[in-house]
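Okay, got some structures for you below.
In the two complexes that follow, subunit A is the common piece, with subunit B as its partner first and subunit C second.
Now for the complex of A and B:
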C-alpha cells in the first residue's frame, strides 16, 4: 500500500467525479449540506444534552431524510442507470417534492 | 411480437375481458369475506365479543362523544383504581380512529348508524380490504392469476376469521389489512423503483404502527429481506429507494404515535432496521465507487478502505454492544423476548404465560386454522424459486419467519395466515397453469395436424372445462398474447411428432406436456381440494369461531338454551350500586365491567401493573379476614366471581385460581403454591388442603352451593365440594345470576363498636399480623 498508489487512487476518483453532469453535482452539494447539518446537530446535542429529545430527533432525522431523498432523486436522474431510463426527470422531481412534503409535515408536527 | 392485426385485436379484447372479469371476481371476493364473518350476528345478535373489544368499544364511544383532542388527553380514572390509566398514551389508536372516522362519515351522510353497529362491522369490512391487498401483493410477486387465488383463500382462511368475525372489535381487525398493504407497497416499490410508492409505503407503515404492536414484525422483516438481497448479490438502486426512505420516514412516523414514542429509536426491536440502513449505505457507496472507477483502481481502493475501515467498524460495534449489554434485558421488551425465546415467559413473566393465546399451538390447530394451505405452502415456496425475483424471495422470507413465530404463540397464527394464502395462491395458480397448458397443447396438437399453426392462435381453442377458461383468460392477462402464442408454438415444436415447423426448431426450453387424462384428473382433484377447503372454512366460521363468549348457548332436548348471565350481572351492578363504587374481580373481566356496568374496577385486561394484579390475586387466595383488609385498603365495595359449577362452564375463576396463586405468590411471598396443592393438584373436594378451603375464592364460589342439589356437586370439576356448610363473616351475598355464573358480594362495613374482648383480640391480632408478612395488609383499626 504505497503512497503513489493512494495518490493515483485519489486522482482517478477526482477525474471520474469531474465527469458527472452538472445537475447531479448540484444534488451532491445539497447532500453534503444536509449531512454536515445533521453532524453539526449531533455535536451540539453532545455538548448541551438532549433534553427536548423530540426536537433533536426531528432535526437530525429531517436532515438525514432529505439526504436520503436526494440520493434517491440522484439515482433516478442518473443517465447511466439503465433501470430508470424511461422515467421522466420531471416525474422524478415531483416524487421527490411529494416525499419531502410528507417528511416535513411530520417534522413540523414533531418539532414541538 | 409476431402479432398480426386480428390476433392483436383479439388479444387486446381478451385482455380487456380478463380485466373486467378480474374486477368482478374481486368484488365477489370482498362480498364473500364480509358475509362469511356474519355468522355470529345471525346466530346470536349484533353484539361485541370477548373482553378486549369492550375496551376498544368504550374508547370509541368516548371518541365519538368528546372529540379527538379529549381523546388524546384522556386520563381514565374508572380503572386500575387508585392508579388510573393514561388512555391517550397507552392505546394503539388506529382501530378506534378508523371506526370513529367511519361513524362520523356515515352520520355526516345522514346514515344513522350507531357506534356499536360500526364497531361490530369494522372487522368484516376490513377483511374485505385485506383480501384485496393480498390480491395486489401476490400480483406483484407472481401475477394476477395467483393474486385472485390468494385473495379468495385469504377471504376464507379460518385463522383470520377467528380474529375478525363481526363483533370481534380488536386491533387485528384492521392490523392485518395494514400489514398486507404495507408489504404490497414495499414490494411494489421494489419492483418499480418509484419514490411515490415509497412515500405511500411509509404512510401505510404509519397506519400499521397506529394499529397494532405487531408492527415490529414489519420493521424487522423488511431489513432482513434487504440484507438477504444484499448478501445474495441482488443489490440494485431500486432496493435503496424501497428501503432507505422507509426507515427515515417510518421511524419519524412511528415516533409520532404516543404509545411507541421514543421506543422507536431506543429499543432493540428497531435496531435491526438502523443497522441494515448503515449496511445498505455502505453497499450503495461501494456500488457507486465501483461504477465510476476502473477495475484496477477499485482494487486499490478496496484494500485501502478495508485496512482502515475494519478498525473503525470494530470500535463502533464494541461501543454499541457495551451500551446494549448495560441494560438488563439487553434492550428488548418482555413481549419480544418471549417471542424469541419461547420458554422465557413461563420462567419470568407468569402473566404473559397465563394467557391461553400465548401458548404454543398444537399440530391439529394448524390444520384447523389453515387447513389445506398447510401442504400447499411448500409447493408455493418451490414455485417462488422458479424464477427467483426480489419479490418472491420476500414472500419466502415472510412465510418462513411467520411459521417460526406461529410455532411460539397460537395467536400469531394470524400473521401466518396471509403468508400461507399467498404461497398457496401461487402454488394453485402455477398448478392450474401447467395442467391447463397441457390440455391446451393436446387439443391444439389434435386439432391441426399439418400446416402453419404458427399463425393460428392456440388460444382460440376453447376447452370444455369452464374453470380452465377462467384461468386461461387470467393467464393471457399475465403476459402479452403474442408471447403466449410463441410459448405454445415452442410446446408444439418440441413434441412435434405430427407436424413440421422447420422455422421454429429451437431446442431452448424443453417443455413437456402432461398426458391429457392426467391433466383433466389433476384439475378435477384440485377443484375438489378447493371445495373441501371452502366447506371447512364455512364450518369453522359458523361453529367454531362465531361464539361471542358473552352469551353462551347450549342445545337441550327442548330447544336452545341461552345463558346471558354476564350481561345480567353487569346490568344489576349498573342499576343497584352507586356510581362511584369500586368493583373488584379477576383482571379478565375488567374491560367488560367498565364498559357495560360502568363502574370503577381495580384491575383489567391491560395487565400493565403486575403488583396490582398480584394484590387482587393475593386477596382471592387469602382467608376472609385478610382478603377483607386488602380490599378495604383499596376502597372496594363489591367483589364478584365467575362460577361455572352449576351449569358446567369451564372457564370460571376456580379453574383460573392457579394463576391467582402463582401471580400473587410471585410478588407476596406468604402465598405459597404448595399450600393449595394436594399431590400436585388443585382440589376442591374433601381432599383439598385447609388453605384452599379457607381461601376467599373457594368461599365466594361455593357459598350456599349445597342448597342447589343437596350434595354440592360441581359439574366442572366433576366432584362434590369439600366444605359444604359455612357462613361468610366479612362478605355478604348481594346477587347471584340465574345460572349461578356470576356471584356478587358486598364487603361488610367494619363494626361500629369494639366489644369487651378488644384487648385480647387486639394482642392476638398483633401477633397474628406479625407472622403475616404481607406488606399490603394494614392493621385494621376497627376490629
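Now for the complex of A and C:
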C-alpha cells in the first residue's frame, strides 16, 4: 500500500461517511464521547492504581454500557438495516432511554 | 363466721412439720443481726450534706426501730416534712403514705382533723386509682390512718371491687403486673400487691369472701413455686426478666415478697402453707449478705428479717451460728454454737445435738457418737467441753440438729433439720527422725548420713557423685499420734546458677521417704555439677507449724553433658520479672491505601470533562437544531415534561449517590418512572404520528 493509496482510501471513506443521515452522525458523536471518557478513566487508573476498584468499574462500565446501548440504537435506526424495517424510531429511542436509566441506577449504586 | 369453716381441702393448716424432717441442708455459716448492723445503720442513714426524703426517713426510722437504735434528730427533722405534707394542700398519695408511715414511727401528730383531711384525700385518690402502685399508696395510707387514729372513718366505698381490680392484675405464675397497660409481670409487684390486698382485708374484712382469700392463697403458692435456690439451702426471689427498667435485684424482690407474705398471712383467716425450710432459706439469704453497704439494701434486709421474725402465722426461722469455725487442738478450743432468731433474740428452750462428725474424705462414717451440747444460759450459747478424742487435725463436717423442747413450738419455728457446718481442726504436726543420707547405688549401703532437726534451719554438707543416691526420710504425726499426709511435702534442690528442681516426698503411713537416684536424674539436672542448696518444705492448711527450712547443701559430681543434651532454661535475673509490665503492642490495622496526589486527581477531573465539551462542539458543527420540537401547546408541554422527567431521574440518582439509600431511591424511581412512561409515550407517539403523516403525505 503506498501513501497515495491510503490517502485515497481515507478520502473515499470520508465522502461515504458524509452521506450518512444526521441522526446517525449524532449517535456516532455520542459514541466517541463515551469511549473517550472510558479511555481517560482507564489511563487515570493505570497511573494511580485501582484502589476503590468498585468506583473504577462503575465509571468504566457506565461509559461502555451507554456506548453499547448507543450502538444498539444506531443499528435499529439505520434505514439500510432490513431487519428493523418495521420498528418505529421513537420506539427504539424510548428503549434507549429506559435502558440507560436502568444502567445508570445500577452504576450509581455500585459507585459507592 | 360459719362460712369460713369448711375450707377447700387444698388450703390446709399444716405448717412447718417439715421442720423436723431430715432435709439435708448443707450450709455455710450465717450470723444473725448484731452490733455491726447497728453501727452500719447509724453510719449509712446519716448522709452528709443533704436532707432525707420522706421515703428515706421512713426507711431509716424503721431500721432503727428494728435494731433498737435511737435517733432523735432524725425524728424531729422527719416531723417537719411530715407535718408539711399532711397539712398543706395537694400531696400525692405516695407522699401521704410515707408521711403517715413516718408519723406512725415518730408520733409527730395525733390531731384527728389532720387525719380526716388525709383520709378524704386518699379516698378520692383511691376512686381514681388504676395502677398497682396507686392502690398500694392509697390503701396503705388508709390502713395507717386506721392504726394511728381509730375513730377516723376509713371505710372503703367498694372494697370488693378494689380487691378484684388488684387481683385482676395477677398473672398465672403468681407474679403481678404494675398496671393493665403494662404487659411485664414482676415478682416485686407481687409482694406489693399482697401487702395491698392485706390492707383491704384489714379495712373491710366483711366484704371479702373466703373464696377470694383462698384465690390469693393460690397465687402465693404459685409465686413460691418460682422461688430460686442455691445449693446450700438458701432460697431467694428474683425477676424473670432482668433487663426491664424497674429491675430491682434479688434483695429488694425477696424483701417485697416476704413483707407481702407476712402482711397477708397475718390477716388471712387460714394459715398459709409455706414450708419451714423455705422460710429458713429466705432468712439465710438475707443474713448471708452480712452488713450491706447501701442504706436501701440495709433497709430491705432488716425489714424483711423483722417480718420473718415477728409474724406468728408463718414459722419463725431459727439460725445456728458459730463464732469460730477453726478449732485449735493446741489451744484446746471449745466448740461453741449459738442458736438465735434472725434478729439475734433468744430462741425458745431447745436441745442442741451434735449428730455426726464426718471427715471430709470419708463422708459417710461418723467419727463420734451423737452427743448433746451443754447450754450456757449466761452467755446464751451451747458448747462442748472437750473435743472428743477421735477428732484429730483435718477438715470435718459437723452435723447439728435442733430439737425444740415444747411440742407446740415445733409448729411455729423452722429449725432446718440436719445442719452441716464445715469445721477445721488445726494442730501442731510433729516431725521426728529426720535423716538425710547418701547411699551407694547398687548395694544401698550408707556412705554418709546426717540427722536433721526440722524445727529450725540446718546446715549440713554432703557430697555425692552420679552413681550414688540421696535419701531423705522423716516421720510426721498428729497431736493424737496418728499418721497425717499434709498437702505439701517437698525437697528442693537449687543449683548455683539458680536452676531448681522440686521433688515430692511420698509417704506410707507416718513414714515419709524420698530417694533420688542421680544416675537416672543426670539428664533432668541438665548435667550441671556443683553445689546444690537443699530445702525441705512441709505444709497444710490445718498444720499450725508449716515450715520451709534450708537444710544445707550437697556437692554433686555429674559427668559432662553430651552433644545433644538439653540446655537448662535461662533463668531470669529477677524471678518476678515475668510479672512486669510488657511492651505495648502497636495494633496495625489494614494499612490505608496510597492515594494519588490531589493535583493529579483534579487534573484528571478536568480532563474527564473534555470529551463532553468535544461532544457539544461536535453537535454544533453538525448543525444540530430544535426544529422538530412540537409547536402546539399540548405536545410541547409533554415534550418539555419528558425532558424534565429524564432530568429529574438523573437528579434523583445524584441524590442517591450523595445521601439516599437504595429503597427510598427505588420507590422514587418507581414513581418518576411511571410518570416518565406516560409522558414519554404521549410525546413519542405524537412524534411518530406526525412523521407517519409526513411520510404518507
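Convention: the second predicted complex is superposed on the first by the 112 of 112 C-alpha atoms of A that agree within 3 Å, B and C clash if a C-alpha of one lies under 4 Å from a C-alpha of the other, contacts with A are read in each partner's own complex, and residues count from 1 in each chain.
Quick note on the criterion: a contact is a pair of C-beta atoms (placed from the backbone, for glycine too) under 8 Å apart; a residue touches a chain by one contact, two chains touch by 3 or more.
Because the structure is predicted, anything quoted here is derived from the model rather than measured.
Student: Once subunit A from each complex is brought into register, does subunit C clash with subunit B or fit beside it?
Tutor: Taken together on subunit A, subunit C would fit alongside subunit B, as the superposition shows.
Student: So, does A:44 touch the first partner subunit B, the second partner subunit C, both, or neither?
Tutor: It touches subunit C, and subunit B stays clear.
Student: On the A-aligned overlay, A:109 touches which partner chain: subunit B = first, subunit C = second, or both, or neither?
Tutor: Both partners, subunit B and subunit C.
Student: Between the C-alpha centres of subunit B and subunit C, what angle is opened at the C-alpha centre of subunit A, expressed to the nearest 10°?
Tutor: 50
Student: More subunit A residues touched by subunit B or by subunit C?
Tutor: Of subunit B and subunit C, the partner in contact with more residues of subunit A is B.
Student: Examine A:69 and indicate which partner it touches, taking first as subunit B and second as subunit C; both and neither are also allowed.
Tutor: So A:69 only meets subunit B here.
Student: Answer with first, second, both or neither: which of subunit B and subunit C does A:95 touch in the superposed model?
Tutor: First partner only, subunit B.
Student: Report for A:7: first if it touches subunit B alone, second if subunit C alone, otherwise both or neither.
Tutor: Once the two structures are laid over each other on A, A:7 reaches no partner at all.
Student: After superposing the two complexes on chain A, what is the shortest C-alpha distance between subunit B and subunit C, in Å?
Tutor: Between subunit B and subunit C, the shortest C-alpha distance works out to 8 Å.
Student: What is the shared patch of subunit A, the residues that subunit B and subunit C both contact?
Tutor: Touching subunit B and subunit C on subunit A: residues 109.
Student: So in the complex, which bits of subunit B are touching subunit A?
Tutor: Residues 193-196, 198-199, 202-203, 236-238, 240-241, 244-245, 247-249, 251-253, 255-256, 262, 265, 284, 289, 291-294, 297, 300-301, 303-304, 307.
Student: Can you tell me which positions in subunit C touch subunit A when the two form their complex?
Tutor: For subunit C paired with subunit A, touching residues are 593-596, 600-601, 604, 607-608, 610-612, 614-615, 618-619, 622-624, 646, 649-650, 653-654, 656-657, 662, 665, 669, 673, 680-681, 684-685, 687-688, 691.
Student: For subunit A, which residues are in contact with subunit C within the complex?
Tutor: Touch residues, subunit A against subunit C: 22, 25-26, 29-30, 32-34, 36-37, 40-41, 44, 47-49, 51, 88-91, 93-94, 97, 101, 104-105, 108-109, 111.
Student: What residues of subunit A sit close enough to touch subunit B in their complex?
Tutor: My answer: residues 1, 5-6, 8-9, 12-13, 16-17, 19-20, 53-54, 57-58, 61, 64-65, 68-69, 71-73, 75-76, 80-81, 83-84, 92, 95-96, 98-99, 102-103, 106-107, 109-110.
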